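Report on the structure given below.
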Amino acid sequence: MGVVKQNIDRADASVIAGLGAAGVATVHEAQGRIGLMSSRMRPIQMDKAIAGSAVTISAPPGDNWMIHVAIEQLQPGDIMVLAPTAPCDMGYFGDLLATSALARGCRALVIDAGVRDLRDLRAMGFLVWSTAVSAQGTVKETVGSVNVPVVCAGAAINPGDVIIADDDGVCVVRREDAETVLAAAKARLAAEEAKRAKLASGELGLDLYGMRDRLAAKGLRYD
Amino acid sequence: MGVVKQNIDRADASVIAGLGAAGVATVHEAQGRIGLMSSRMRPIQMDKAIAGSAVTISAPPGDNWMIHVAIEQLQPGDIMVLAPTAPCDMGYFGDLLATSALARGCRALVIDAGVRDLRDLRAMGFLVWSTAVSAQGTVKETVGSVNVPVVCAGAAINPGDVIIADDDGVCVVRREDAETVLAAAKARLAAEEAKRAKLASGELGLDLYGMRDRLAAKGLRYD
Amino acid sequence: MGVVKQNIDRADASVIAGLGAAGVATVHEAQGRIGLMSSRMRPIQMDKAIAGSAVTISAPPGDNWMIHVAIEQLQPGDIMVLAPTAPCDMGYFGDLLATSALARGCRALVIDAGVRDLRDLRAMGFLVWSTAVSAQGTVKETVGSVNVPVVCAGAAINPGDVIIADDDGVCVVRREDAETVLAAAKARLAAEEAKRAKLASGELGLDLYGMRDRLAAKGLRYD
Amino acid sequence: MGVVKQNIDRADASVIAGLGAAGVATVHEAQGRIGLMSSRMRPIQMDKAIAGSAVTISAPPGDNWMIHVAIEQLQPGDIMVLAPTAPCDMGYFGDLLATSALARGCRALVIDAGVRDLRDLRAMGFLVWSTAVSAQGTVKETVGSVNVPVVCAGAAINPGDVIIADDDGVCVVRREDAETVLAAAKARLAAEEAKRAKLASGELGLDLYGMRDRLAAKGLRYD
Amino acid sequence: MGVVKQNIDRADASVIAGLGAAGVATVHEAQGRIGLMSSRMRPIQMDKAIAGSAVTISAPPGDNWMIHVAIEQLQPGDIMVLAPTAPCDMGYFGDLLATSALARGCRALVIDAGVRDLRDLRAMGFLVWSTAVSAQGTVKETVGSVNVPVVCAGAAINPGDVIIADDDGVCVVRREDAETVLAAAKARLAAEEAKRAKLASGELGLDLYGMRDRLAAKGLRYD
Amino acid sequence: MGVVKQNIDRADASVIAGLGAAGVATVHEAQGRIGLMSSRMRPIQMDKAIAGSAVTISAPPGDNWMIHVAIEQLQPGDIMVLAPTAPCDMGYFGDLLATSALARGCRALVIDAGVRDLRDLRAMGFLVWSTAVSAQGTVKETVGSVNVPVVCAGAAINPGDVIIADDDGVCVVRREDAETVLAAAKARLAAEEAKRAKLASGELGLDLYGMRDRLAAKGLRYD
């Protein structure tokens, strides 16, 4: 049943970089609050952000064979996204696989399962968002697929979609929507900049957003 | 049903500072092991501690409108305490609201729900204890209340109560008990100081606390 | 029912040090993927590793009396391993007990329950792997046992077994297997070193491990 | 620190019975969506409902001594509500305590912890809502309190408040609000009866509640 | 952003019935172990099974407005599948909505959130698989979508796909694969029937499946 | 690494039957509150109890091959106990394996993982205690062991130990302790019988157990 799709389309590098600079929270808002992975997905490092094109991996529970297959498909700037076909917290990925991925120009992994060798991964600058940390090794017995649509931590992802990841979590933007979403994200950031200055100067959100009348209409009472 | 109580009593600033210096574990013991929030409540930063007066927020699940209302009620040194009326891990709070709260002299939030913009919050020095991290945005459709009694992460809190938060979690001291608890906490700290020196010099707790006879009476056997 | 076994055998210090240097993931693989604690067991500090001989503690839920008893049994290089007899997230251990343990030459605790005084513990360099953080104090009412076989976070441990702990979690090696496992771990590390160099130079795991034929035989298809 | 309040006020028996007949979901709505316990609180039996006056128990984790104290305070129709002072899934309650409670006219327990002897409890007709099932026994070493305010599974409860429990969970109504809430619940039930008949006949909620215009105004599009 | 797709294709009724008769475990195997929802998804009733065409609902957390919209789109034999856009355990659905759905010929709901009125739903014969039970009500403030692709409890679902649900959980079969999967399921059931008779007569799986040589080759040792 | 121990000692059948009649809660108390599995271990049926000799299975995560191997080792009255070597909620066991086990006289399974075919298993009268329900199938690729010591849901179990299971959970008694524990359980049941009659007649536990003085000494105050 396993299949490897070798040629996938990717978004424009400058669009990907722009989405990464905007960050997960802004991008998620800018595209109408879709595409966010579960809050179970957490970074193993602190204060790092990245964006890249998804090379997706559908792997059996407890079997990391397909990561080797996926690495051959990586291009610089890609992010591997691994979704096990059943829940699993085992350690699919460690420093040897990270070494191999880095050699292909891939600097991050998003995985709805576990990873290991945390100190090494952090020292190498290889970024990981995972739902578990575990030293438990996996087998190489059953084939899965690479670059097929997957559901990872509750989000549907197609190969070549843009992955944005930071301390707030992980968000996916469909490749074909990437430019539109980036424009919306930039507009949002510009608008926030003006608001931030006003709020910092002490203006209240109640006044800045004109909320007082609507709150009163909804029955809010001050004692 | 929404109500904003505008005038609340707060504990004396020096008492609050004293409780903050004693820390969560000591204060919790000093007041008879009550008032501790669930261990699900974790800091987004490391090695920081704070104490302040609670401005409470009762908010609908997935609706952060009341935070804007609460910010107007803040005084320097206050801590916002948000309890959703149903379990929710969405991101109620980010850098814009933190900017606004900081402008009012509030430096911390305790929330039984999610927050976002973690890097910005840490960079701003705004402290957060939360039960989730999530980029998922909320709506502004339903009113809640500010400065009413709430249950937050298993602890009952009245507006103006003293909140103490550090890496061990979050504890609440009733405003009217604050002075008494501070005295007990100071006594406890002093007693611990003497014990610490003896333990560091190699004296055993078994001897320092005179436990050997009671252990033998309870049937402990040495082989 | 409580019993304290006073004389336990320990592994050779150089063997323990070697296992610590190899790390949890390598040791776990080297002994055939047994002895790993649950991924619920997490460090309170970052980027630290240790190995030592287990002094085991079987304690009632919410009762830390036996830690005082265990401390008398500690020798330099030991690691305390506490397993409550029922699930419990209370704070069994804090800075005073750590002070006492350090005075005996013990520098780490592994506990399937909670700890408190995190900042102090980190400042003292006392290492902790726990399944919870909680300021909630415990009582001293019921005896348990020291240096009996325990099950901690899913792993069976005998007193004197070797505990290895780092950012990936905690693993136990039976005392009588320690030398054999160390030899296997060293062989594994040497083999990995050669592989790491090849992978870093861009050679693919598919080729390095000769996987292509077996993948094809299992039906993997390239599109 | 332990205290037993011996004389508490209870709501009128007919009001309690009326709230029980309305059920948890209706009562919760009728009082403005407050007072619901966490969805972790589940019945050990199926298709049973009850309402009664709360006799509250604040108990240390793993210590069921206060249940014996509480039983003396029970009157016919009361429901025991036990909140441990720290999270605990041990079995505080079984068939002997149920026998004793039944002898006092109490037919139900609500507990944010575990129970045991499930088959016996179901055979006796003693109803339980709990957050765990566990055979793990507790000790009788530390005093707690009876008939003090508690927080149980996220809800604040005062002694004498009305507890309503069925397959949907557990809700509390403040004693002083019981009559008002019952009136609101009855109005709600009457209104629902008319709606149910219309919906059963095939009328759509979209028309019955006049939702079409508001949906269109909010931008809902039909393709 | 909300959209309602009014015309969706459905699988043939006899194919749907056949998949329902085969059951979740068999269908899941027959289509290559894909399409299974998370084991968090549990039935509120016992020993019931169903299959039907998915009418999908993408709803904001804590907002059940779209269920009213979806009910208008229902045809006899459909199953509603609701996926909130953020995790939520509130009670989206109860007896009034079930009355309305039954009037349209829909007899089941699959929801990655909570439901209420359990006794009524069971008495009405309306079947529910949910990830929570909660009396907590929702609002009607924000539009979502009906009959768009959703991710529900980890499975990707398109409108018109076949949903199979029983005590083992919930599985989805793509509409366009339904006939093929049914044929595979039937073949599997036939093969199992022969095996069941042999196993019941005492023949061992080791012999029936010819496993002994492969086990020996993998190194299994008998002591 | 896989091993099958073919000859194991079992406890006397009448002792096993006696422990089963006493039930989990009583047996657990009678042997000093040890040997209880985690409260995550729940029955798939209601109001059933059993006791038998453990045939233990150590299986890789997601691999059920060893169950076939174990079935050959079963004798009438045995209970299979499966512990995966890493956490796993997949469905290791269904109606075909149950058919085979029943043919050998085994009527129950205890498993720290998932099972499927629930309706069939209940209809066949095959009893299961598991930590999950899942239709997700497993592979047959990696050998494990049969009749070796395992840790299952937090309890250490040797082959031939006595397993007692009912609605309260699962408890293990070491084979060599079985007679002693049965005697203690019987004494406990006899003592409870007398107490039950007194409690049913209205005598309070406070008086029956003579608790009043000790409570007063511990400071309990009546208001």
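As written, the chain order gives the labels A, B, C, D, E and F, with residue 1 at the start of each chain.
What we mean here is this: a residue touches a chain if its C-beta (ideal position, glycine included) is under 8 Å from a C-beta of that chain, and two chains touch if they have at least 3 such contacts.
None of the values given here were measured: they were computed from a predicted structure.
Chemist: Enter the minimum step count from chain A to chain D; a value of 1 means the two chains touch.
Modeler: Shortest path length, in steps: 2.
Chemist: Any chance you could name the chains that touch chain C and chain D both?
Modeler: B, F
Chemist: Copies chain B, chain D: same or different interface, half of numbers shared as the threshold?
Modeler: same
Chemist: Round to the nearest whole Å and give the separation of the Cα centres of chain A and chain E.
Modeler: The computed centroid separation for chain A versus chain E comes out at 28 Å.
Chemist: With chain centres taken as the means of their Cα atoms, state the distance from chain D to chain E in Å.
Modeler: 31
Chemist: Once you find the CA centre of chain B and the CA centre of chain E, what distance in Å lies between them?
Modeler: So the centre of chain B lies 43 Å away from the centre of chain E.
Chemist: By residue number and range, which residues of chain E touch two or more other chains?
Modeler: Residues 1, 33, 36, 39, 85-87, 89, 134, 136, 142 of chain E touch two or more partner chains.
Chemist: Hey, which chains are touching each other here?
Modeler: Chains touch in the following pairs: A-B, A-C, A-E, A-F, B-C, B-D, B-E, C-D, C-F, D-E, D-F, E-F.
Chemist: Report the residues of chain B in contact with chain D in the complex, numbered from low to high.
Modeler: Contact set of chain B toward chain D: 1, 32-34, 36, 38-39, 85-87, 149, 151, 154-156.
Chemist: In their complex, what parts of chain F are in touch with chain E?
Modeler: So the residues of chain F in touch with chain E come to 1-6, 65, 68-69, 71-72, 89, 91, 94-97, 99-100, 102-104, 114, 116-119, 122, 132-137, 140, 142-143.
Chemist: Once bound in the complex, which stretches of chain B touch chain E?
Modeler: Interface residues on the chain B side: 60-63, 85-90, 134, 136, 139, 141-142.
Chemist: Could you please specify the touching residues of chain B with respect to chain C in the complex?
Modeler: 23-25, 28-29, 33, 36, 39, 42, 47, 49, 166-169, 171, 192, 195-196, 199-202, 204-206, 209, 211, 215, 218-223
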